[in-house]
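Next come two complexes, and both contain chain A; in the first it sits with chain B, in the second with chain C.
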Partner chain A sequence: MDGYLISLATFTAINVGLALSLNLISGFCGQISLGHAAFFGTGAYASALLSVNGSPFVLSLLAGGLAAAILGLIVGLASLRVREDFLAITTMGVSFLFIGFVRKQEWLGGEVGISSIPKPLSDEGMAILAFALAAAIGLLLWQIRRSWMGRIFDMIAQDEDAALSLGIDTARYKLAAFVLGTAAAGLMGVVYAHLVQLIVPDAFDFIVSVTILAMVVVGGVGSIWGVVAGALLLTLLPEMVRFVNDYKLLIYGSLMIAVMLASPGGLAGVAAKLLKRGG
Partner chain B sequence: MSLLEIKQLSKSFGGVRATDAVTLSVQENDLLGLIGPNGAGKTTLLKLITGTIKPDAGRIFLKGEDITALPGHRRARAGVIMTHQIVRPFRGMTLQGNVMAATPADLFARPLGAMLRRPDAESEAQAQGLLDRLGIADAAQRKAPEVPLGYLKRLQIARALAARPKILLLDEPLAGLNHAEARKIADLIRQLHDEKLTIVLIEHNLNEVLRVSRRLAVLDNGRLLAEGDPKETIRRADVRAAYLGGKAEAG
Partner chain C sequence: MFQLELLAAGLVQGATYAMMALGLTLVYGLLRILHIAHAALFTLGAYVGVVAANLGLPIVLAGLVAVAAGALAGPLVYLAVYKPLLDKPPYVALIASIGLLIALEDGFRLVFGPYGLSFDHNPWFITGWDFGGVYLNAVQLTIAVAALVLISGFALFAARSRTGVAWRATVTDPAMAETFGVDPEHIRMLNFAIASALAAVAGILVGLLNNLVEPGMGAIISYKGLAIIVLGGLGNVMGTLVAALMLGVAESFGQAYLDHILDRDAIAFFILIVVLMWRPHGLFARGR
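On to the complex of A and B.
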């Protein structure tokens, strides 16, 4: 198979996994995050550091997920004190802090990042790994959606005070959402780092956070299939249409505004409406 | 022993004493009507009991246990459940979903347990039973914003009952309902009381409060003005002055 297509497929799977992991935090549990790339980056950096020092890939993979989850827990704990717009600002701060920190760290390669990260699998193997992880995250979300946890997330997203007044320990559930969602983002970061073999701080900047958020918003906040579609669209469109790639931010931004104004349910909302009309 | 005991409870908002050294106890299987003019501090008192707001001074005991420092969700799990004057359903859920939402609290203190278990037919049937009891089972599958206020008022009570309250705090459950509807809900409240549920009822509809309450407490300017048998208490001169003649006095 064409090397370009394989790599495109792998990047697409990584983006699907990232978008789904953010959907768990922001879509299911209603905790807006503008700093998701920081967790993606934490997974990438932690695993890269281990792998260039001779750690077996499986260990790097687990460590990447764990490191992201730990940062997620810390941000989650901080987020318990703030809500909604304040949470958006806080998580945006996390995104900037991450880049600011990594850039200045000699042991993380500073501006030039970490290079010569060993690739553990063939190109096809990496693609399969990325797909398997994205699918696993999708399955996790599917299970959560059908469980009591999904209902409780939904309660928190809709009216946190009401959930509290019914006896729900909302803090604990919000932390659970942060830990699960950030661990998943960390795993995708591991795949990314070992695929491109060279990571630099800018690969995890605020623009990346916003791009992941755009996939969730365009796909439909809280919808599993919608967010998968959103990630596919925003990954493949710039690849297929040169013009989109040149004006990526302009187009993502316009898309988000258009969705908010015209169909807050995103692609999933549009699909639901069409199905209803058809039925 | 009292089920709920409030001792010298005080709370100020920017210099206004919303609750001023209130001492009050609610016996097991009581139906206490709580009345007073607007701004008397009735809702504040209930919110202090549920833990939504923290008192500046004083203590709250549930079954003799000091719960003053207990966070709101823990009090809810201990059985302190409140409904609000302004209905707040989960807008994205069906009425049945809203009632089911109240069931998992004590089952799912741990998120992992909640992730592994799915809502089952039993919890659905339970929710349906409560909707039926409140007379709104026909709208079980409709989303909250699609049904009229009367339904939402009843939904609040159904949801509160699903949370298995030991003491139910109702904040103006009859507000916004027409005469016949209000009477029906008041009857239901009395019926719940007859089934041994302990209830505190804030209500402006004096007729219904006096009709169903076992005991009456009157708040005025954050202070407990009077407490006792409903019909005797409402006849007291100071109560009439504060509650009924409040405006005349102020003018």
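On to the complex of A and C.
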């Protein structure tokens, strides 16, 4: 396979993993998050810092996931105090705070970021790693969906007060969703940092958070296959059609509006409707 | 005095935030929508203004054209995007609004180019006076005066005029207002027209202040506007105005003293998160 295809496949797998990890928080558990890129960035920065100082890759990988999960736990704890509209704005704030903080930290490279991060595997190896992690996240979501936890997530997403009145400790479950989802985003951040070998603050800005959200929304909030399809579509479309790449945000934005207007269930909702009609 | 200068610059900045945030809080108060795409109307106002001025119109007339464009475009946004989504869960309109903003920003980039436009002739920018050691140019003064006049004008309209009363009734209880013969659709259109006209005024003034109008100029101010209306206790007009001025001043001092730790644009969100942890419904929330 030529290099371009391998790197495209790796980026696609990273985006699928990111979209799935956000789907756990915003789709399954209904906690809308506009700051997912901050956790992606935390994983990337934590692992890059370790790797340039000579840490073995496996350690960097674990540390990246852990750092993102810790930030996720903090943001999750903070988010317990706010709901819906307040939560959306708080998580948006997390996105800006992350960038605004990292940009000014000399030990994190400031505006220029961290460069010459060692690549632990061959190009093919990185692609396989990215795919394996994305698949593991997908599998985790699938397992959660079938479990008791998945049912409770669903209940919180539908009607949190009803869940509370049944004696469910919704705070614990919301925290679990935040920690798992952000840890997964952190792992994808580790792969990203070691793939591109140079990270800058702007690679994790608000538009990236919005792009990940667009993948979830276009695919279908809460659906596993839908979100995979959404991530594939929004990653591959700009690559395949040059025209799309020039007008990327115009098309992402228009797709988000069109999906919300026509079918808030996204691609998954459309597919479900078609299947029902056929059967 | 350095501190006085910071205070003046902060208040001017706060005045632009106030004009933006007032529109956002009007939309939120009436429809419970976080109208992120408000930024696009701000940018639209700035572009219409700069194009009109560069075609030879005096700045005041260019400003009026910009306001007219905003007042027309706002209700269109409502009809095209929000109206069909009113009965959906709140995140649906929020996502559509984000989509609309990034699409329109890209649209401005395609139409007017990525590098932005400057005013060929910006007399207010180069005229200024010294007020006891604090230098302010004519744009900064206009911003302060415009914010004061427009916001108190709006308050008067809401308190005294017949339409203003109908508008307040619809915010409080749409169904009850309708039984009294108020057309809620009419009120919503008017709401978007006023909010967007305010955004357009803020847009052209910020364009004059920086002597630059560029596609992404609205985004940050709109995100901060959302932080401000949350700080002010969503839907609370007075709280929003106070929060806007406070944020302008906090940013001005923050940039002077904290720039080595935190980016200017992150200060708003730092304050926001700290305040929300302390008071989850904002600083000036009405009793819930």
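Going forward, the second predicted complex is superposed on the first by the 279 of 279 C-alpha atoms of A that agree within 3 Å, B and C clash if a C-alpha of one lies under 4 Å from a C-alpha of the other, contacts with A are read in each partner's own complex, and residues count from 1 in each chain.
Note that in this section a contact is a pair of C-beta atoms (placed from the backbone, for glycine too) under 8 Å apart; a residue touches a chain by one contact, two chains touch by 3 or more.
Quantities reported herein were computed from a predicted structural model and do not represent experimental measurements.
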Which superposed partner A:F101 touches (first chain B, second chain C, both, neither): second
Touching partner for A:A38 - first (chain B), second (chain C), both, neither: neither
Of chain C and chain B, partner touching more chain A residues: C
Partner chain(s) touched by A:T170 [first = chain B, second = chain C, both, neither]: first
First, second, both or neither for A:L249, with chain B first and chain C second: second
Partner chain(s) touched by A:C29 [first = chain B, second = chain C, both, neither]: neither
Partner chain in contact with A:I89 - chain B first, chain C second, else both or neither: second
Which superposed partner A:L195 touches (first chain B, second chain C, both, neither): neither
A:A162 touches, of chain B and chain C: first, second, both or neither? first
Partner chain(s) touched by A:V217 [first = chain B, second = chain C, both, neither]: second
Residue ranges of chain B in contact with chain A within the complex: 50, 52, 72-74, 76-77, 81-82, 88, 90-93, 97, 100-102, 104-112, 114-119, 159, 163
In the complex with chain C, residue positions of chain A that touch it: 32, 34, 78, 81-82, 84-86, 88-90, 92-94, 96-97, 99-101, 103-104, 206-207, 210, 213-214, 217, 247-257, 260-261, 264
Chain C residues within the chain A interface of the complex: 28, 32, 34, 81, 84-85, 88, 90-96, 98-107, 110, 223, 226-227, 230, 234, 259-270, 272-273, 276-277, 280-281
Of all residues in chain A, those that touch chain B in their complex: 143-144, 146-149, 151-152, 154-155, 158-159, 161-170, 172-173, 176
